[in-house]
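Two complexes are shown next, each including chain A; its partner changes from chain B in the first to chain C in the second.
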Partner chain A sequence: MFSRLGSAFRQNARAYSTSAKAELSSNTKKAISSVVGITGLTLGYIVYQDSQTGKAMTAAEHGLQAPEYEWSHKGMFDSFDHASIRRGFQVYREVCSACHSLDRISWRNLVGVSHTASEAKAMAAEFEYDDEPDDQGNPRKRPGKLTDPIPGPYANEQAARAANGGALPPDLSLIIKARHGGCDYVFSLLTGYPEEPPAGVQLAPGANYNPYFPGGSIAMARVLFDDLVEYEDGTPASTSQEAKDVVTFLNWCSEPEHDERKKMGVKALLIVGSLYLLAVWTKKFKWTPIKHRKIVFNPPKPPKRR
Partner chain B sequence: MSLIRDFIEAMAPSHAYAEEAEEEEEAVEDVKEGDAEEEEEEDEDDDDDEDEDEAVDPLDALKEECQKTAECAKSVKEFQACTERVTKAEEDPEYANKDYKEDCVEEFFHLQQCVNKCAAPKLFSHLK
Partner chain C sequence: MSFYSTIFQTVFKRNSVYVGTIFGTAFVFQTVFDDAINGWWETRNKGKLWKDVKVKLAAGGDADDGDDDE
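Our next item is the complex of A and B:
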């Protein structure tokens, strides 16, 4: 557009220089200036109208900022609390798994992390999985093995939505990585259901109020209550304890490499750190004679003339 | 020392201890699990009786404590005032037709932020 305008101006200028086309060129000039004027006025009006209203997200739409908690695995050199992972799996199994799947975790993943091989085998065997068809081609079922993924509560997304009033319970395998605020957010969400929503909040039927959920209206109701599960290690099962354990478990699901990663980090820091010191020493070693040398120029005495 | 051991382990092939050390232990564990399950079943009947002398959730206790601090007292007051104001407005027969309906989300958020700031650092020392 601008290039076209520019060429029009150039033609205009050329028209000025030749007196024969003077009348035509003034008409063109008028047309161009009126187009420019109308465009400018329209744009100005639009910008002005737009500046009259502002649209910002309200605090409720952002959701309440989750506070930072002192997770036992938070620090640079901290590993997961595996007793907590084990308790968290119990919470997932007894509470969360009623609606949420855990597709990316297999029974074998639990072995050596929170459960022993025989415990994991026993849990897997409680579920039925599709087996190869028999000789007549009829489908068969078999008890689960360690290599099977942990089964979800619903056959597919439609079934999940139909059972939850249109809302899809997200898969929890990567939920800690998938939400801003990670552990802190999920913990706050689980423990943050107030007794009743603040006055004046309008909720759709079937929706619940949670300040941490952006918008405040969440399909999931409060699920964790005091003494909902009974821990095998005798830990008092308060709501916050259950939430902490299940979030630790979910964080492990999201980052199963977490412990190994931090261990590698320490080793890498040590090795790279010592290599850095070695590099500094080598540089000094090599450069010392060069930096400390003294270059002296003794001009030869001019030969005496006789 | 463990660091040096780590380095040695990193170089040498390591062992994973996924299996139980002994068969006997497993049997004991199974018995324990069985007991726990039985107890659970029994407890379900008595739950109502036990509810009264249960320990309070440390998070709830801390939040309550924090609401009483001087810093949060102002937020509590504002939230209560807002709740009263909105409840009063809701009683108005014309409420449904009003253009602007106030809610107390912002006051609630301020209160929660104050309470969280006070309770969050302390909570995990009360949990296992």
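Our next item is the complex of A and C:
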């Protein structure tokens, strides 16, 4: 196609150069050459930009794009829904914690966020932690305290892999920050398991199909079902409700400073905005005499001649 | 005495008073500003904050069937 275009162009050019040479005004020539130049530059830019990215992966390998959801904490000035964090912790504790650890969260972090101090203490005391050895050097155990981290399900990575067919369940402390799409992705992943993998999809033994997971083949099976947990506040525990609550909880785990940060953001916007206006006003105030002065040239009078 | 000369006589004339006024104003402003923003924040996010949730939990879990925010 380009060669034909090129030959047509050449013929045209020859036609112009031979017969119509004298009739072309210089403005027409300028217009033609500028159109040719702009077209060439644009095409060159497009080809260059296209050469800068490589698309080695198929769409399925990227994973399905998660839809955007209206999270209760999505807005610029919206805090977390702490009732949802509390329900989400219940979901984590009863479902997710069978395989996933939450290493960076301690029991004390829950106090004042989703639980009272006495509730957190009671939950911590249900677990045993290593204590200092006794006088003979024998290891001892003690019940958990507020300052202890929430214990994971496995002692180490090898144990976790051995129990999950070679796959390592990731730590969930920072999972919302650690995945593209954040809340939307994790919610879609949890609720996006189809009944059957689509025709033609080959899965390794023990693997499950989830279109949102990059590659589609995920070791985790669907875990959330309707009425899997019973919420203490009477919220109907549908699959999507459980997923929404646990994602809100995990988002709090990733961003425990979230509420304070947004509140601080309001203050910063107001203060910095006022200071900006003040700076503009000061500049105008200081520059007014300079901008508005008038310089007049008074030529010296020519000396009188006699 | 005009407004500007009053200001000058009371605040700007002595450096000690001037600096003291700056510190005092900053102290008062911060308190008032923080309280205002906190109040606005808590009104805007009413029902979602832990202090509201805590009250609801203490009142009994079944009281909030209607206004559960999803």
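In this text, the second predicted complex is superposed on the first by the 250 of 306 C-alpha atoms of A that agree within 3 Å, B and C clash if a C-alpha of one lies under 4 Å from a C-alpha of the other, contacts with A are read in each partner's own complex, and residues count from 1 in each chain.
Simple rule for what comes next: a residue touches a chain if its C-beta (ideal position, glycine included) is under 8 Å from a C-beta of that chain, and two chains touch if they have at least 3 such contacts.
Owing to the predicted nature of the structure, the values given are computational and were not obtained by experimental measurement.
Peer 1: With both structures lined up on chain A, is it a clash or a fit for chain B and chain C?
Peer 2: They clash.
Peer 1: For A:Ser79, is the partner it touches chain B (first), chain C (second), both, or none of the two (neither)?
Peer 2: The answer is second: A:Ser79 touches chain C but not chain B.
Peer 1: If we overlay the two complexes on their shared chain A, which of chain B and chain C does A:Thr235 touch? Say first, second, both or neither.
Peer 2: After superposing on A, A:Thr235 lies in contact with both chain B and chain C.
Peer 1: More residues of chain A are touched by which partner: chain B or chain C?
Peer 2: Touching more of chain A: B.
Peer 1: Looking at the overlay, what does A:Val266 touch: chain B (first), chain C (second), both, or neither?
Peer 2: Both partners, chain B and chain C.
Peer 1: Just chain B (first), just chain C (second), both, or neither: which does A:Asp227 touch?
Peer 2: first
Peer 1: Is A:Gly40 contacted by the first partner chain B, the second partner chain C, both or neither?
Peer 2: neither
Peer 1: So, A:Thr191: does it touch chain B (first), chain C (second), both, or neither?
Peer 2: first
Peer 1: With the two complexes superposed on chain A, say which partner A:Leu64 touches: chain B (first), chain C (second), both, or neither.
Peer 2: A:Leu64: touches chain B, not chain C.
Peer 1: If we overlay the two complexes on their shared chain A, which of chain B and chain C does A:Ser114 touch? Say first, second, both or neither.
Peer 2: second
Peer 1: Shared contact residues on chain A, chain B side and chain C side combined as an intersection?
Peer 2: In chain A, residues 72, 83-84, 112, 116, 232, 235, 241, 244, 263, 266-267, 270 are touched by chain B and also by chain C.
Peer 1: In the complex of these two chains, what residues of chain A are touching chain C?
Peer 2: Touching chain C from chain A are residues 72, 77-84, 86, 112-114, 116, 232-235, 241, 244, 259, 263, 266-267, 270.
Peer 1: Okay, in this complex, where on chain C does chain A touch?
Peer 2: Interface residues on chain C, with respect to chain A: 33-34, 37-38, 40-41, 44-45, 48-50, 52-54, 56-57, 61-62, 64-65, 68-70.
Peer 1: Which stretch or stretches of chain B touch chain A in the complex?
Peer 2: It comes out as residues 3, 6-7, 10, 16-20, 26, 32-33, 36, 39-40, 43, 47, 54-60, 79, 82-83, 86-87, 89-90, 101-109, 112-113, 116-117, 119-121, 123-125, 127-128.
Peer 1: Would you mind writing out the residues of chain A in touch with chain B in their complex?
Peer 2: So the residues of chain A touching chain B come out as 58-60, 64-72, 83-84, 111-112, 116-118, 188, 191-192, 194, 198-202, 211, 216, 226-227, 230, 232, 235-236, 238-241, 244, 263, 266-267, 270.
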